[in-house]
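Heads up: the structure comes next, in structure tokens.
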Amino acid sequence: MLADTAIKFANMNKYFGAFHVLKDINLDVAKGERIVVCGPSGSGKSTLIRCVNALEKYQSGHLYVDGIELDETTSTIRKVRNHVGMCFQHFNLFPHLTALENCTLSPICTHKIPKADAEKQAMDYLAKVRMEGFAHKYPSQLSGGQQQRVAIARSLCMEPDIMLFDEPTSALDPESISEVLDVMVDLAGGGMTMMCVTHEMGFARKVADRVVFMDAGEIVEVNDPEGFFANPQEERSAKFLKQIINH
Amino acid sequence: MTWLNSLSYGSGGWGDELLHGLGVTLGLAIATFPFAIVLSFLIHWAKVSRYTPVRLFGRAYTTVFKSLPEILTLLILYYQSQAIVSWVVETVAPGSHLSISPFVAGMMALAFVISAYGSEVVRAALNAVGKGQFEAAASLGLSPFNAFFKVILPQVWRHAIPGFGNLWVILLKDTSLVSVITLFELTHVATLAINTTRQPFLFFGLIAVIYVLLVTLSTRAQKQIEKRVSRGFIREENGDV
Amino acid sequence: MFELYFGEMSRWNDGLILTAVMSTLSVVIGFFVALPIALARSKSKGILGFLALGYVNIFRGVPLLVLMFLIYYGSGQFSRELRGLGLWWFFRDAYYCGLLALVLNTAAYQAEIIRGSLDTISASVLETNAALNLTPWTSFRRVLLPIAFAKALPPLGNEYILMVKATSLLAIITVFDLMGQARMIFSETFDLRVYYIAAAHYLVLVLLIEWALRRFEARIKWMA
């Protein structure tokens, strides 16, 4: 396995009971690479990236994250999760904690970082997502876009090598979408390995190294953004792009 | 005014005994409740355990304690634990004697019954907190222990308070059953008072009024607590679906 | 175990029947007592609503055992007056007194259940009825009541199960339901297994009722 591979799927299969959600997935993500995953609803995009931090188990094949093969042991899962941050569609901030406390909880509890240091680091990351002025607000006092930016800062506080995003902007209004995308573009510029499920084609064009198109649990096409948008290689991707653009 | 006499405080009346009975009633409920809440969580976890025998135990526990009349549960636990304790004592130290107090038997029976219902309150509250919170905690690398105590538990109370409040009221009223195994709580004291005063309506009426007051107070307190814990949750939080 | 059950079979059966009869009677009578209370709670802001609220709070607050004692033993304090009113035949009978207590108790709970289901019926249903030009009475009888009933059925079923368990308190005022028979047989034998046999009866009875309710609910699900 190559030293500069961040994530490697090898003949990976996943089932929900009898339902075959991910079919023979093969994909290598290089360190620092930015992947955008798209495809119709129910095609398995969320499931794919949730496997990377072991929120879902897989049944056959292999999945390596930062050179560690993911199995079902607690120690492996914890090791991998220390390398991987994740942002959810609905942010999932902890509603009983302020923005700052959301960011410092895991560094203090799992990395045993002293509270003062953890807060200092959290303020840096909150500044990075332009939320330093809201550190002492509760999630319910923030807009969706603000919450998502705090969620990004919260993940960054764990200093991950890889960031996963599952439709981070699809629950937001247009103004908030651009706030969040700006932060993600910054992050991409900093050399973070990113796997992002999104239908924001502008974002894909701007930052993606490769676009992965999924349909019915299969990876149908992997292409660079220029090629994918201008000249999709597969009939199914072409059809999908047409539907998105017609909207 | 004979009825005032019989309620007076001191050797001639039953005022002091009633007050003592009220103390036992409240003491039993207050001692049982935390125990029942912890059991509720344990039984809930048993019911969602990945080990089939544990899961079956959890389900059997709820089915049994929800199906049996509380009074029957109480009698069985009282006599059975007495039998077991006597047998153990007889084996370990022949000739000596140890008996189960009605208070302890009442505590056990009520905690089992309340936790059978409580495990459902816990399940609903955890559902209301949402899967997204577990996933966010997990993806931040929090251990299950920290995830539960730092993230989930503080949010569970808000959703569990109405359910647990109801159970508190049920518990409070069910303490009256323990009079049947001669615990000197309110109802039993009233029965004793009636044996000498021959004023059943007065004493049972008084007990009824006391219970209604206790329940009303509890409901008030519950509303107050609900208000307090929902501070900071002004807008409905989002949960990943 | 066997002789405790088969040897006393007729007493166990009598107890079982009495438990079934008393719980069913109390739930059914309680339902009709609860209806007007629920309506008052739901629709009336005035004195009726206040009285209904008082009823509910009082009878949900008093433990059933205390209520039974109050009615059965408490009435003894007024036996002369009750005789004068021609009501003594009722109050000197543990069965009637027990039933009355059960009814008063379950009516308070059922009233809240029915009120809850009435309150969830949306304003749009009422507007539709007005638009269809149904009279209020027709609208109530043909539309609101069936919907409310379908919505209230699961919690009412639950209440039925609670009443099956609650009838066991009748044993304390010397009624021979399942629990009463068990206490009787226990006092003759001092054999703890008697209570386990009673427990088995209740378990089977409750599981049977749950099963029947689930089937019935599945059948009328479309109404809710």
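The chains carry the letters A, B and C, assigned in the order they are written, with residues numbered from 1 in each.
Following the convention adopted for this analysis, a residue touches a chain if its C-beta (ideal position, glycine included) is under 8 Å from a C-beta of that chain, and two chains touch if they have at least 3 such contacts.
Here the structure is a predicted model, which means the values were calculated and not measured.
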| item | value |
| --- | --- |
| Central subunit by CA centre of mass proxy | B |
| Most remote chain, CA-based centroid, reference being chain C | A |
| Chain centre separation in whole Å, for chain C relative to chain A (CA means) | 55 |
| Chain centre separation in whole Å, for chain C relative to chain B (CA means) | 23 |
| Distance between the centres, which are taken as Cα means, of chain B and chain A, whole angstrom | 45 |
| Residues of chain B touching chain C in the complex | 63-64, 66-72, 75-76, 79-80, 83, 173-174, 176-177, 179-180, 187, 190-191, 194, 198-202, 204-205, 207-208, 211-216 |
| Residue numbers on chain B that touch chain A, as the complex places them | 132-133, 135-143, 146, 150-151, 154-155, 232-235, 237-241 |
| List of chain A residues in touch with chain B within their complex | 53, 55, 78, 81-82, 84-86, 88-96, 105-106, 109-110, 138-141, 147, 151, 154-155, 158, 171 |
| Contact footprint of chain B on chain C as seen in their complex | 57-58, 60-67, 69-70, 73-78, 161, 165-166, 168-169, 171-172, 179, 182, 192, 195-196, 198-199, 202-203, 206-207 |
